[in-house]
Amino acid sequence: MSLHEQKTVAIVGGSGYAGGEFLRLALGHPHLQVTQVTSERSAGTPVSLVHPNLRGRTNLKFRKAAELDEADILVLALPHGHAAKRLAEFEGKARVIVDLSADFRLKDPAVYQATYGEPHPTPERLDEWVYGNPELRREALRGATRIACAGCFATSVILALYPLLKLGVLLPRDIIATGLVGSSAAGASATDGSHHPERAGSLRVYKPVGHRHTAEAQQELPGHFPLHLTAISTPRVRGILTTAHAWIPDGYSDRDVWSAYREVYGQEPFIRIVKVARGIHRYPDPMLLDGTNYCDLGFEMDMDTGRVVLMSAIDNLVKGTAGHAIQSLNVALGWPETTGLEFAGLHPA
Amino acid sequence: MSLHEQKTVAIVGGSGYAGGEFLRLALGHPHLQVTQVTSERSAGTPVSLVHPNLRGRTNLKFRKAAELDEADILVLALPHGHAAKRLAEFEGKARVIVDLSADFRLKDPAVYQATYGEPHPTPERLDEWVYGNPELRREALRGATRIACAGCFATSVILALYPLLKLGVLLPRDIIATGLVGSSAAGASATDGSHHPERAGSLRVYKPVGHRHTAEAQQELPGHFPLHLTAISTPRVRGILTTAHAWIPDGYSDRDVWSAYREVYGQEPFIRIVKVARGIHRYPDPMLLDGTNYCDLGFEMDMDTGRVVLMSAIDNLVKGTAGHAIQSLNVALGWPETTGLEFAGLHPA
Amino acid sequence: MSLHEQKTVAIVGGSGYAGGEFLRLALGHPHLQVTQVTSERSAGTPVSLVHPNLRGRTNLKFRKAAELDEADILVLALPHGHAAKRLAEFEGKARVIVDLSADFRLKDPAVYQATYGEPHPTPERLDEWVYGNPELRREALRGATRIACAGCFATSVILALYPLLKLGVLLPRDIIATGLVGSSAAGASATDGSHHPERAGSLRVYKPVGHRHTAEAQQELPGHFPLHLTAISTPRVRGILTTAHAWIPDGYSDRDVWSAYREVYGQEPFIRIVKVARGIHRYPDPMLLDGTNYCDLGFEMDMDTGRVVLMSAIDNLVKGTAGHAIQSLNVALGWPETTGLEFAGLHPA
Amino acid sequence: MSLHEQKTVAIVGGSGYAGGEFLRLALGHPHLQVTQVTSERSAGTPVSLVHPNLRGRTNLKFRKAAELDEADILVLALPHGHAAKRLAEFEGKARVIVDLSADFRLKDPAVYQATYGEPHPTPERLDEWVYGNPELRREALRGATRIACAGCFATSVILALYPLLKLGVLLPRDIIATGLVGSSAAGASATDGSHHPERAGSLRVYKPVGHRHTAEAQQELPGHFPLHLTAISTPRVRGILTTAHAWIPDGYSDRDVWSAYREVYGQEPFIRIVKVARGIHRYPDPMLLDGTNYCDLGFEMDMDTGRVVLMSAIDNLVKGTAGHAIQSLNVALGWPETTGLEFAGLHPA
């Protein structure tokens, strides 16, 4: 790799929040050169009209997907189901494809069907895709040409639980995880529920049971245990705070959780353990993570009952989507893993 | 009037925020009995599905306007232009009509046309309607059967300026008023601009010049002076905070503003002068007015330049719309003016 | 009781949010006449300086507790521990005492000591106090002269679980409840953590384990089961949304939860079951409850796993504190239970 | 200058928001190496305890100012008055000093005294300091060793007005500017007014007249005209939106404003003219600028009255303080002006 290597990138479906965030990060990435962004709805208009933070940063205009030229990397930011159905169309355009949707995350076609309610269009291709979570699948991502970006809520759950399950610090009992989610997670289209007067002050349980990311988390996490997810909308725009309630074996303590996290994540550039004895910022808080690729993890234990409360905070559009995808690409293409993901986050914010 | 007198009310266009707020207030009003609420879009469904604060408070269902029966009072909460165009249809249904739209506020058809861009459908009827501002037009409202509810931004401007212009405490120079407005003022329909992620953190100048309420304020305010209005969206849902910059004659001071307000508003049940020397709540703040019919007024003077900054805070849906309408109805029908408008507001809020 | 009966009320510690909210509600209550409000810090100043929503509603000034005269009802709104330690001082002042603190909620002195870390100052008096939850303890409240107002988070948990535990619709397994709490719950004093720039965008886990309301909820709830509480601060000012995860026996379904709630709460004036199949307001949401005394309850079931997610929303200062206290007083003194608690809540809000 | 040149930086008063923001930006600046940060209150503790966004970014601990060692650059982030009074102490420590306070902005000691209510401690030294606004004073900043960082509200006003006043596009009449300001502008210390429940929903006029930045803006702006400033707190944490009402001469139009801005700011890296005919982001909005060094400018004209509404948005802590200081340092030390200030901002945000 040369210091000045650049790969061309085309973003398909670039008018949504995931595509827009990938574009923002890619514009600041020294090895990526975004040459095309598509949007059926906004074709012909400058991307900065839709993503006004990019005023003065790019002169790109949206084009239609039908006008797509070849590129080194194709990033698919389409609604659920589109990437899988139009895979042949896209495979001719680039050697490396990153899909931000849920289409290629699940490896078992039966689980896909149970989760999404219809058969997978190309079940025979599922094995070609690597799940885009470098913390768990760094080796598989090296040199990968098909990356299935991880889901945002799933990522917050997986990163909190993985070391503890892997190292046996949790009992195989029910784990209950609640995600407090910002409004950007529902996408860029206005709906009755996203209307500001109905949403600004709301704490809205939108998925008490049956969240689709359950399957994704269970696929990636070691061991067999019932996982229960609940998702609640908050007045924030970005961010997920997940609290997961799990159970430690007799005789285990704080120290075992600490050392499991240290052992597994000690070298991870984007994971921080936040558990501070004083001050006001004692645990992970998505407030501090807007725009960053961090996943902050924390925990607290109830020694009387064996319950451990795990906490996990991310920016759903960065570590939960586009940043995790960039990080995966960095691994796949052999660039330093933090390239383009250096933003520290704001305080106050 | 008997203590137990009740008038039946029909609300036309009851699925929007203005109609919903009138409904909420009317349900708590001892002399009003809401018997019908129309909504073309939601006909057949319970009103509490659209106005969930009214769960357990009413079993009313929406009906279509075509199914409207007679009532004592008809409240029109329709988009701009509908009330005037369909006036004949509505006049057969009730003796007293309250229109919450802008259709009958302006008395001069030429001003109406200049403001709304088309000729008034029934210019010959404009004089029948009384502008629904009891502070200025209490006598005209007594016994009135056609009430044109005042506009929300106009009300905040008019109530701040009226006593000072009337009593000559202001110079006839340019007055510049800025309204900081909550998102409910744009209505109950979701739009790209009302999408929570685009709106929640926004300070959006949406009407820097040419605000339609200029004509309404100038009609109601005494004297001739240039009035300039600017409107800016804030992250609040309800409320308007208006700051108006005006100019006092040489030799005038704080005391003259105080005494003008006292002279004109001394007996007003819904106007409070807020100008406190200590503590954190020194001036009017819409935060304290959600759900109330108050208009809080304050001011501060720059003796070096003769500039006076007038401040005016209201809940746009109550004092700015439905509450002002109820207050006008109370005057028109001879009930105590505060009936049904007793809510004090919350703190903290 | 005469229609015009009035009892005098003295509020001790009236500059905080709980005392202020009691004052607001009492000023609108036809049978209560607030004659005294104390505040050591603000003695001599008008109460409306501290509670600016009450401008124009009362001319009361704060006095010191040492200047307290007799009244029919004494409402104690003091920090934890004060009411119990100064009980003798207060008992001479009024026949009926309502304590808004935690001092007299727990009946078992050992549980009190384990929860609050010190022995109870007057353990022999605990039995005289009735827990202020009319839904569970209506009969005991009739004629009561010592009312220990229930805790806010505890109330949201208790009301969601009580009918299901009473009627055996839940298994005696771990119940995990998460409270999403507004900033007013931490009181009226500014702290580093309440500083707006640090708090406005925050989702802050402030009590992952060991919440003191656990003991209160377990005292009031039937049966033996492990109860785990977690509390998280949200950007809201008022309100608690509690989601509780519990487990139903084999063969039970939605219908059993519905009928348990109906059987126990069918006649309750302040409990609404919110579980709607369409629209955007499908479950309880504290957004709709600011200023109201409602507790909205909802639920959803995961038939695959037997998990039921119970949802409970209240205004922490009304149903969670002052409103529940007024409702308890209404029962104790024989007035209609909803007196003074009629506010429906706002939409939008 | 070598590509790898690095200057050491010491930040005095680094626990506040201005100092913390300078630290964040400096940590990402290739030519700055922060070696010391002082805080009397937090001496001995890691800076990331106070600025939790910097966890994992720096191991620096706060020291006391008394322990300050020499550095190439000293950044003073102290409360008003400290820098001037302790100037001798600081001048021994570094060749280049940047002061983020108001101490050295005003050149006329009489104006300083009139504005700040006391005589300047070192009036003879005022001329040594260059006002830190590269858009107006780029040449003076080259090689400067004393930089007085511009005030945040002043910057938003100055940048909006400067080209128009310079090129005669505005009449010398009263200009009225209103700043809508986030809560971070009041600093990092909790106060009664910053308590979240009192502030979260507030629109609080905190400086209707007499704002201290008036003198600063008038010093920097060409021509003689009365300037009136009003400042209002909004629920945002960061950001200022300024709307200024000014007056154009007869015969002038939109085009003249456009060309004045283009002529003066055509090459400015951090100024964008935002005036878009469609979409929802038509004018400057601080929502889009958190963390960025942009000043977005827009305008709209009322041809009937000659009023032009100028709009200006910045992040008060970046373009309004620390970013503007970094930009000034870049000019002073001969580095590319955008170094370390590349963050594009988020959307949605």
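Note that the chains are named A, B, C and D in the order they appear, and that numbering of residues resets to 1 at the start of each chain.
What we mean here is this: a residue touches a chain if its C-beta (ideal position, glycine included) is under 8 Å from a C-beta of that chain, and two chains touch if they have at least 3 such contacts.
As the structure is a prediction and not an experimental result, all values here were calculated from the model.
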Would you mind telling me which chain pair, B-C or B-D, is linked by more contacting C-beta pairs? B-D
Could you tell me which chain lies farthest from chain A when each chain's centre is the average position of its Cα atoms? B
Cα centroid separation between chain A and chain B, in whole Å? 46
Between chain B and chain D, what's the gap in Å when you average each chain's C-alpha atoms? 39
Could you put a whole-Å number on the gap between the CA centroids of chain B and chain C? 35
Among the residues of chain C, which are close enough to touch at least two other chains? 17, 184, 188, 192, 197, 201, 235, 237, 279, 281, 285, 348-349
Where on chain C does chain D make contact in their complex? 17, 182-184, 188-192, 194-197, 199-201, 235, 237
Chain B touches which residues of chain C in the complex? 17, 20, 24, 27-28, 49-57, 184, 188, 237-238, 272, 274, 276, 278-279, 281, 285, 288, 290-291, 294, 296, 342-349
Chain C partner contacts - residues on chain A that touch it in the complex: 174, 176, 178, 180, 192-193, 197-198, 201-205, 208-210, 226, 228, 230, 232, 234-236, 239, 241, 243, 245, 279-281, 283-287, 298-302, 305, 307, 309, 311, 313, 348-349
